[in-house]
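Multiple structures are listed underneath, in structure tokens.
What follows is chain A paired twice: with chain B in the first complex and chain C in the second.
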Partner chain A sequence: MNAFTHGAWRRIRVVAREEYRRALETRWLFGFTALFAVLVLGLSYFGLAQGREVGFQGFARVTLSLMNLVLLIVPLTGLMLGITSIAGSSETLALLLAQPVTRGEVLLGRFLGLAAALSAAQALGFGGGGVVIALNAGFGQIPGFLALTALSLVLGWLTVAAALCIASIWPDRLQAMSIGLLLWLGLVVAYDLGVLGTTALLRGAPLQAVLFPALLLNPVDLVRILVTLAVGSGALFGPTSAVLAGMFGSHAGIAVGVTVLALETVLPLAIATRVFSRRDW
Partner chain B sequence: MTGGAARLLALAAAGVLAASPAGASVTRVPAGDGARQAVAGAAAGDTLVLAAGVHHGPLRIERGLTLRGEAGSVVDGGRRGTVLEIVAPGVVIEDLAVRGSGTRALTIDSGIHVIAAGGVVIRRVRLDDVLYGIYAERATGLVVEDCHLHGRATPGDPSGEGNGIHVWYTPDARLAGNTIDHFQDGIYLSFAHNTLVAHDRLQDNARYGLHTMYCQQNRLVENLFTRNVAGVAIMFSNHLVVEGNDVLHNRGPRTYGLLLRDCSDGEFINNRLVDNTVAIFMDNSNRNRMRGNLIQDNGWGLLMFSSCDGNEFAENNVIHNDYPVALDMRRTNNRFDDGARGNYWSDNAPYDLDDDGVSDVPYSPVTAFAFLSKQYPDLAILARSPAVAALGVAERVIPAMRPSEAVDRFPLLEPVAVSGGGTRRAPRATAPAWATLAGFGALALFGLLGLLRGWRAP
Partner chain C sequence: MIRVERLTKRYGAIVAVDDLSFEVEAGETFSIIGPNGAGKTTTLKVLLGLARSDGGRVTIGPEGLSPADPRARRALGYVPQRVQFQPGRTVAEVLGFFAELRDLPPEAVGVALRRVGLDGHAARQASQLSGGFTQRLSLGQALLGDPALLVLDEPTASLDPEATWEFRTLLEQLRREGKTILLCSHLLAEVERVADRVLILVNGRRAGLERLAALRERQVSATRLIAVLHEAPDRAVELLRQRGYPAERLDDRTLRLEASNGQGLEALEALRAGGVRVRSFEQQRPTLEEIFLAAVRGERRDTDD
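Coming up: the complex of A and B.
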């Protein structure tokens, strides 16, 4: 590693550490951490207690309930965290940009800081939930829960990257937040409703050719499908599950899934860096 | 079946030796090649006791005698053809182990093959390494009790051949207390009217636990069907009574708990259908009554084609299924209440102002998504999407969105107390996994420390 990249990395770390500290001060993340920990622990404990009373399955269902929680609030938190980090904070930003750091370093540093903060908050919740499940359910249900933990972290990074991209393009805070909320609504609800409606309209046209790529492109759907397969509830997807299991049961399929998620993180980040570097802050 | 009990029986047989009437004899056959000759030489009413050790088959029983094994006695077919062939009425096979049939389905290579012989009794027999377990044709009044049948099929492999107990053209059979695994179908009944299937365990079979074709008035009572492709598949069979069965963990892409095709006028009472992909599937099946069943943790609770009519579904507990009911018809003559009481639905939010235990508001168990994904199965890939949950909320608020007129007019506020079941609850591992515990504990601690450090830092 030469002196230049070493210096760049050092500067990125300084920005990241500062951003991490700043993120933890915001009420957004504090609220998220508390809510997330309480919900994960509560769902793990009471979901299991209920499962035990009735005496069947239960555990896979706990993970799936947690997944629904993750799909709703992790993208929202990631988006809001990323947007408030840049949009509408032009004074501090201007001060920071006056320092001997490049804009790319600032953006990358902020991404890493925010991603770390969001990950730490989730680690607390998932760690606690994992302890509860491991105590009560033994090892059998852990792989599904582990997959949920990992994919939830990735979903957090991915939405932070998207948020930085949005905030770089629309520096006005209100505007950026509106667009962030729209994106959230789109990813979580509107996208699937659109797929549902389109399918009903097409009336049995060859569906899989359209449906599969469409769902792979939405990270929220991709995470949902991967976690559902990982907890062994793939049968929920009906006859399609055989196709999916064939796809994601193989290393190639998992590689495709991971690549899509990685691209959906890196691409917005690259766009954000470009826009952020050219804007007159 | 214990060796001790077998020894007692052998002693009892020796006792009978002295007291047996003239003409009926009890003969002890030592292990080896003597069994074939002994069977050929015995007269109707005689008892042959096979001594411990391996007896070489195949044996063909042409007179109504009793074949009994001492503890540790085995009849081995040498993996060629059928091991034990019974062609005379009144034969009794007891306390025996049978193994090593051939491998050809065409020649019906089985452990025990009963041909045109009524009143045959097979009791406490253990069958291993066989293509078919017990194959009975024209065997009126067949009794198979307390047997263990273990076949060669791999669970979930559709190319598996050979059924555990295969009954063809045989009325009044009684199959009770058997454990049957690793066959194509655990029990296959064809033109077997008035059969009783009770207290059997049918598990890990390549296709169905129980499969009936063209059978009338069969009774299935308190059996366990688990980890088969379909627990119970009933086809072209009417007037059934299915009571107190456990149908559990039949999971997979095309897997059913109870599959009914052209099956009418049946009674399905107090069964427990838990953790199946589809708990109850119905096609072209009419006027069945389903009551007191527990339908829990399944993907689909009740999946019904529009070819079904006049079925009544009341006082069941429908709990935590992803789709409680899926129909592909807008109008339906199937009833989800009996005119006074409906079912308990866990995802209903009922209210009951007059406090009579029945909700004041009807409940529609068919969600728009269940309806759509029934028509376009590929859509099931959206299962558990937040969008689908949102759609559910919208349906509740805007009743016009309801896709089907199927309605429970009297949904219950509390689950129905279901009698029976509960005795064979699946055991579960409760031992904590310490390594994962430590891992997740570390993760939580890591998160906590990270957060604290961030907050504390200047």
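Coming up: the complex of A and C.
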């Protein structure tokens, strides 16, 4: 590694460490971590209450129950963390950018710091709850729980990258937050309605031709499918389960899904770096 | 140390900096002054690589580096007008972060703290410092690594008089040490203690570039005559204008005349000869600020025309 690259990585680490600390010190990330742990434990413990039995249940049901909450909360947290890192902090940012550091280093450092902070919060929430459940209910179905944990981390990084992209394009905090919330609503609610409508309109077309690109384009849906299939509960999707299993049930399908998620992280990060590096601060 | 050639910066249809050229020599304290919206901060942003120019050329240091080059920013320290340090950080941690970013050893923090008189405050929360101490900390981070050039954007704009005085004393000390200082302000009073040269910026354009000593000379040779008459001043103003004196009516008995030394008494003699009865008069010396404002207003008139 030459001196320049070494210097660049050192500066990226310095920015990332500071951003990691800043993110962890925000009260709501702490609250998010606590909420996660409570949800994992609560969903598991009280899940059987409906069956007149209170106690720790296995990972499978916890994973599926938790997944729906995770898919709402993680993107929102990632978006808000990323947006507040840049938008509305032009004075602080100007002082940082006036140092001997490139803008690319600053942006990458902030991404890594935020991604690490969000991952730490999730790991603590999932991990703490998971250990307690494993001790009480055993390790059955743990691969599905681990898949949810891993994909939740990826979803967090992806939304942080999207947020940095939004904040680089719209550095006004209110504007960036509004766009972030619209994106979140689009990902978790509006998109599915759109897909349903499109499917109904294209009734004659093969289901796979509509679903495959539609699922790849929405990371929230993609994570939902991958986790559900990992848990072995594809039947929950009803008649489409066979189609979904055909698309993402194999190793190749999973690889495609994970690759797409990685691309959906890298692409907004690349756009963010380009915009961040070219705009006036 | 800094060379700005025909710099132009636009924000949409607004021309924030218009064909601006100047040069800052090594070791001098150069000040950019001008009213709000004159383009001072925009000029600094281009110099710091925070904004891109739309025309012209800016180079930093003897190597002629572009502001976009991080090496150019290694040679300078920047003190913004306002800064908010991250809550939960001590003074030493704030400086530690910037020192690490500049690849400096931990000892650099102690050196910077001593230079700005904060060595007894290293463990205090940076976000809870007073305005004066916050700006000292800001100056401390700018001094990390002992850069040859300091760029300061209205550093005392939000300080109380005592903190302002203390900050200016620190600046004077740095000037004596031979630092090149680029100081931006809308107040001449803020820069007159330290500046060697003053660039007056109005509407993004250069309205004047003067040695402060020359401005002082102009001040010394300037006189303002205020004359109270026994009659309405219109006839007297007309009479003086006919003789080339720039007189103006102040109220229904008073006129004012901006003149050079000696012209005040000549004008009084002209009034007496013209039959105007003067009740009383007073000669004043305009302040440096007023001389600056006259230049600014003159430029504004030219621009409006």
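The rule is simple: the second predicted complex is superposed on the first by the 258 of 281 C-alpha atoms of A that agree within 3 Å, B and C clash if a C-alpha of one lies under 4 Å from a C-alpha of the other, contacts with A are read in each partner's own complex, and residues count from 1 in each chain.
Note that in this section a contact is a pair of C-beta atoms (placed from the backbone, for glycine too) under 8 Å apart; a residue touches a chain by one contact, two chains touch by 3 or more.
All values derive from a computational prediction rather than experimental measurement.
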item	value
Combined model on chain A: chain C and chain B, fit or clash	fit
Which superposed partner A:Pro213 touches (first chain B, second chain C, both, neither)	neither
C-alpha centroid angle, chain C to chain B via chain A, nearest 10°	170
Contacts of A:Val189 with chain B and chain C, given as first, second, both or neither	first
Which superposed partner A:Thr102 touches (first chain B, second chain C, both, neither)	second
Which of chain B and chain C A:Ala200 touches, first, second, both or neither	first
More chain A residues in contact [chain B versus chain C]	B
Smallest separation of CA atoms, chain C relative to chain B, angstrom	5
Shared contact residues on chain A - chain B and chain C	25
Complex interface listing, chain A residues touching chain B	17, 20-21, 23-25, 33, 54-58, 61, 64, 67-68, 71-72, 116-117, 119-131, 133-140, 142, 149, 188-193, 195-196, 199-200, 204, 207-208, 211-212, 215, 220-221, 224-225, 228, 232-242, 244-245
Chain B - residues contacting chain A, complex	248, 251-255, 274-275, 277, 296-297, 299, 319-320, 322, 369, 372-373, 375-391, 425-426, 428-433, 436-437, 439-448, 450-451, 454-455, 457
Footprint of chain A on chain C - complex, ascending	45, 48-52, 70-71, 73-74, 76, 78, 80, 82-84, 86-88, 97-98, 100-103, 138, 141, 151
In the complex, chain A residues that touch chain C	7, 10-11, 14-15, 18, 22, 25, 91-92, 94-95, 97-102, 278, 280-281
